[in-house]
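Heads up, the next two complexes both have chain A, just with different partners, chain B and then chain C.
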Partner chain A sequence: MGWGLIRLWTLLVYLFMFLPVAVVVLLSFNASQFGSFPMTGFSVRWFVELAQNEAILRAFRTSIVLGLLTAAISTTLGVLASLALVRYRVPGSNLISTLLIAPILVPEVVLAVALLLFLNFLSINKSFVLLLFGHVIFTLPFVVLVVQARLVSIRRDIEEAALSLGASPVQTFFEITLPLMLPAVLAGGLFAFTISFDDITGTLFWKPGGVETVPTQIFAMLRNSISPEINALGTVMIVLTVGLPLLGAAIARQLARKSGG
Partner chain B sequence: MSSVTLTDIVKRFEAFTAVHKTSLDIPDGAFVTLLGPSGCGKTTTLRMVAGLLDPTEGEILIKGRKVNDVPIHKRNLGLVFQNYALFPHKTIAENVAFGLKYRGVAKEDARKRVQEALDLVQLPGVGDRYPKQLSGGQQQRIALARAIVIEPDVLLLDEPLSALDANLREDMRVELKRIQERIGVTTIFVTHDQSEALAMSDQIVVMSNGRVEQVGPPEQVYNTPASEFVANFLGASNILPARHVGSDGDAVLLDADTFGRVAVPAAKAPNLASEGPAKLVIRAEKLQLAPSGTPVNGELAIDATVETVDYQGQAVRYFVRAGHTQLQAINMIDERPFSEGAQVSLRLRPRDCAALPAS
Partner chain C sequence: MSVERREARQPWILLSPALVAVTLLLFVPLLFIVVYSFWLRTATGADQAGFFLDNWNEALTDGFYRDILLNTLKIAAITTIVCALMGYPAAYFIARSRGNKAILLLLLMLPFWISYIIRTMSWINILGVSGAVNSILISLGIINEPIQMLYNETTVILGLVHFLLPFMILNVFVSLDGIDETLEDAAHSLGATRWQSFLEVTLPLSLPGLAAGGLLCFVLGAGTYITPLVLGGPTDAMFANLVFEAIITQLNWPLGSALSLMLLAVLGALVAIYNRYLGMAQLMKGLG
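So, the complex of A and B:
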């Protein structure tokens, strides 16, 4: 009896969490032109319209370029910062570490306004580069956290062995350290990409006029009407942001298995 | 010709001095062990030779070349670590071939040398496996193969046997010595294990608190300790206060509390200069227990009582009391050990004793 109740309750919790998502996915295949129940038939017409909507396609391209650049820059900076903090004795490394992680702790709105005011103070206009800069700031902590954790577990003597055998420090990094921490680097990059791709708060503050990312585009479209296209777009977003990390995790596991790490 | 020369090496970490002015000369092809308790500076010394640490003062020469400013990857050294430090993402063959890649060895030649190295460590068939598929002992053999395949000027071994099980450790000890003799590479071995040091070394460097206490072949270091620290660190010793009262031919005469006058061979009291206070060193295994009343034959004999019996299988360690002095004796077991409380006669040949100055 007791277990039965707990099971039922658990089921309700999951329904509460995932039903809205399921509804969006379901309605994106609705033939009716009203994005709501009852469904009148199965159709992919909203996906087709989505693919022909120039504004959305442009937003998609912007989001992907922004996400990829954010991931690339964050990962590079994150790996370098982690190396410095874990492998070398940097003065004030605790403080630096805390400052690098801080953007996670500060509410995003505050961070967004602060950066905007700062740019104003410097009389710099908003631009795509600055939007990118903002995304790097708040994706960097995730990369640093993941990569640092991995780097700590890579024994220093493995690198010393490589050095003693004649590999220069740079060769040692590319032959030994980087391959061993590759799963963490990929995971960090994926985090950075999906966070950037999903972000709306910071993006709304930082984006220059005329530039829309997918979330800001949806937001703009919602202000006019609830179009079934948005459901279709939502479905695509869900597939991307859930599917990519899953794919990444699978690749990382495969790599880890091969390397015996 | 000497292979490695350290001249007045000092290593300070901020206020802490890990190695005090140390000089050392390691001949070509020798197996030299740095022996001492943890924190004695042996690993720091090894890491300075390797180039993983910079000496604060002094010079390091390898094959006559000053290497203070030569980075580790240009020193041509073989380095073996306690925890093997194999590259987990590379196969055994790739691990062993790693150093050859940076020496411009042609692929075909490299494959042959890897095979020879694997044969030498008696693991010929494991080239395609990954490190984690091998046991600890096998991994350490691979680490050794990886270090010697590059024909290093010096082989540096940092406690390479400490992570292995006791039985395996003794096998590996013999194996390691065999390989070292076979290829004749100059070797510096760091350990805190006196039996490894005694069994393997041509020369032992005993270190304590960042200073060299004694340098010499195993027998000399064991039988003629140069300091109380060495006498206590290698084996078990009884160190008794005594007085140096003169000499008699090739012997130095010492008056000790319980034993009376003992004639220690001069060769075993090299640091005893003038008459006066001194210390008598008696190895625990040189003190033999006999049943009371057994005839004496040229030895010193004193009466004692057995206080504690520490049974060790083939040997037994006794703590005995003679007058006010407690002594330690390690004897092989003939039939059965003496029991606690037994009255025994302690036997000692004066020529087995050594003497030290009273610090």
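So, the complex of A and C:
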């Protein structure tokens, strides 16, 4: 097969991946009152309408609070566990790694059912707390994977130098290790936030009636028909979940450069 | 002595919060639904604890569940094959391209950041009655009335391919990128044609990545219920839809437990076979 043919194929594959999403963004600026073709003109009215839609604003608040709490808890657990796995010789570390990434080896539907039924048995009903537990457990493996991969590249001897120069272990952790780890921590947190923010599979099982996150709100709106508002909401989500990681990556690179990494 | 012991204890202190979370929020709940699947939903709506085989009997012998399970596996298999056929050449191109490798990789990561529900619903804009394809065909005068292209098994597979293709490309790319390019050149200079050296050197060396991508596509595809709800018709339910129905709509939690465990057993067996022959390390390369 010729190189030109492979290049053309790749181009078509990329178009397949991005064209439908690009159409969502395009249609969200459509002046027409139907969420479809033809484009009748450029307008931001659907974004204005979004900003005035109480249900959608509530969904955004829920998603953001849920995502931030998930990121905070999941990153804390994941960073501590990664530190142990990278910095110490732990017996059975392969098994432990497998246990920690188990939540993504189990189909999410099964995880969702098991967690819902078990916590319900413990009298924790469908609630924000259940949602939070669920989001923490399935974002944890991603945090562990990302943070572990970055921690490996931090050199141990800088810490050892600090210790040998008289810093206490606690001082060393906060003044040397933590700043060096910051890009890894940020990357893990961002990853957890985005995965939580985008999730629908587990969320539909765990959310209490009347509470919607942005993805479940979109899903509920789809039941009627596709409206320009859904496209506008999709555009806002794309900007948020694509823009944040890019911003995060840029910040992480800056930090890494400053610390000479 | 005590210092050593403290050293030995430290990693466990660091690990314990995560291990406790995984135990209480994953392993114990999984064991719990094993027990729950033997309980019985009574006519009054209360669950009767005990050891009843009714749910398992229904889940394993009812032709309805078997047909949908087989159909789910078929859909996942087609999706995986299509992803491999579409994704392999693209991954090869990225791995071998010189100038724009970084930008191609960055673009490849983008779909992972875009919400699954948005990528799924985006096809309604393309194939819907008033979507892009219909409006183009009408404006060209090829058709007069919009064609109903959505809400069938083909669009479910299309949606799944769109969702899972990046997983395939990324995994194949990771293994292709690790192959020494000079191997192919060596085969070539020893008289093999380009095609031969690809078939006999590069392709075999990239099989671990292809297998990892295939496993991810199959397992994630077979476990979805959102895509059939958004892009499928009333008869296109996949197995996870039955779980959702049993748990959320019918509130028959014991039966839902049995169905969930069936899905876990089938997909878990695949993961176990993969792990037995190829190990988890390859899979983690693509995820990390």
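Simple rule for what comes next: the second predicted complex is superposed on the first by the 246 of 261 C-alpha atoms of A that agree within 3 Å, B and C clash if a C-alpha of one lies under 4 Å from a C-alpha of the other, contacts with A are read in each partner's own complex, and residues count from 1 in each chain.
The criterion applied here is as follows: contacts are C-beta pairs under 8 Å (C-beta built on N, C-alpha and C of every residue); 3 or more make two chains touch, one makes a residue touch a chain.
The shown structure was predicted, so the numbers you read here are calculated from the model rather than taken from an experiment.
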Room on chain A for both chain B and chain C (clash or fit): fit
Superposed arrangement, angle subtended at the Cα centre of chain A by chain B and chain C, nearest 10 degrees: 100
Touched partner set for A:176, first chain B, second chain C, both or neither: first
Touching partner for A:60 - first (chain B), second (chain C), both, neither: neither
Partner chain in contact with A:158 - chain B first, chain C second, else both or neither: first
Greater residue coverage of chain A in the superposed arrangement, chain B or chain C: C
Which superposed partner A:166 touches (first chain B, second chain C, both, neither): first
Touching partner for A:29 - first (chain B), second (chain C), both, neither: neither
Smallest separation of CA atoms, chain C relative to chain B, angstrom: 6
Interface residues of chain A shared between complexes with chain B and chain C: none
Chain C residues touching chain A - in the complex, by the definition given at the top: 7, 10-12, 14-15, 17-19, 21-22, 25-30, 32-33, 36, 86-87, 89-90, 92-94, 104, 107, 110-111, 113-119, 121-126, 128, 130-132, 134-135, 139, 162, 165-166, 169, 195, 219, 222-226, 229-230, 240, 243-244, 247-248, 253, 256-257, 260-261, 263-264, 267-268, 271, 280, 284, 287-288
Touching residues on chain B, where the partner in the complex is chain A: 50, 52, 71-79, 81, 83, 85-89, 98-99, 101-103, 130-133, 143, 146-147, 150, 156
Complex contact set, residues of chain A against chain C: 1, 6-7, 9-10, 13-14, 16-21, 23-24, 27, 34-38, 76-78, 80-81, 83-85, 87-88, 90, 96, 98-111, 113-119, 121, 133-134, 136-137, 140, 142, 144-146, 148-149, 194, 197-198, 200-201, 204-205, 214-215, 218-219, 222, 226, 230-231, 234, 237-238, 241-242, 245
Residues of chain A that touch chain B when the two form their complex: 155, 157-158, 160-169, 171-172, 175-176, 179-180, 258-261
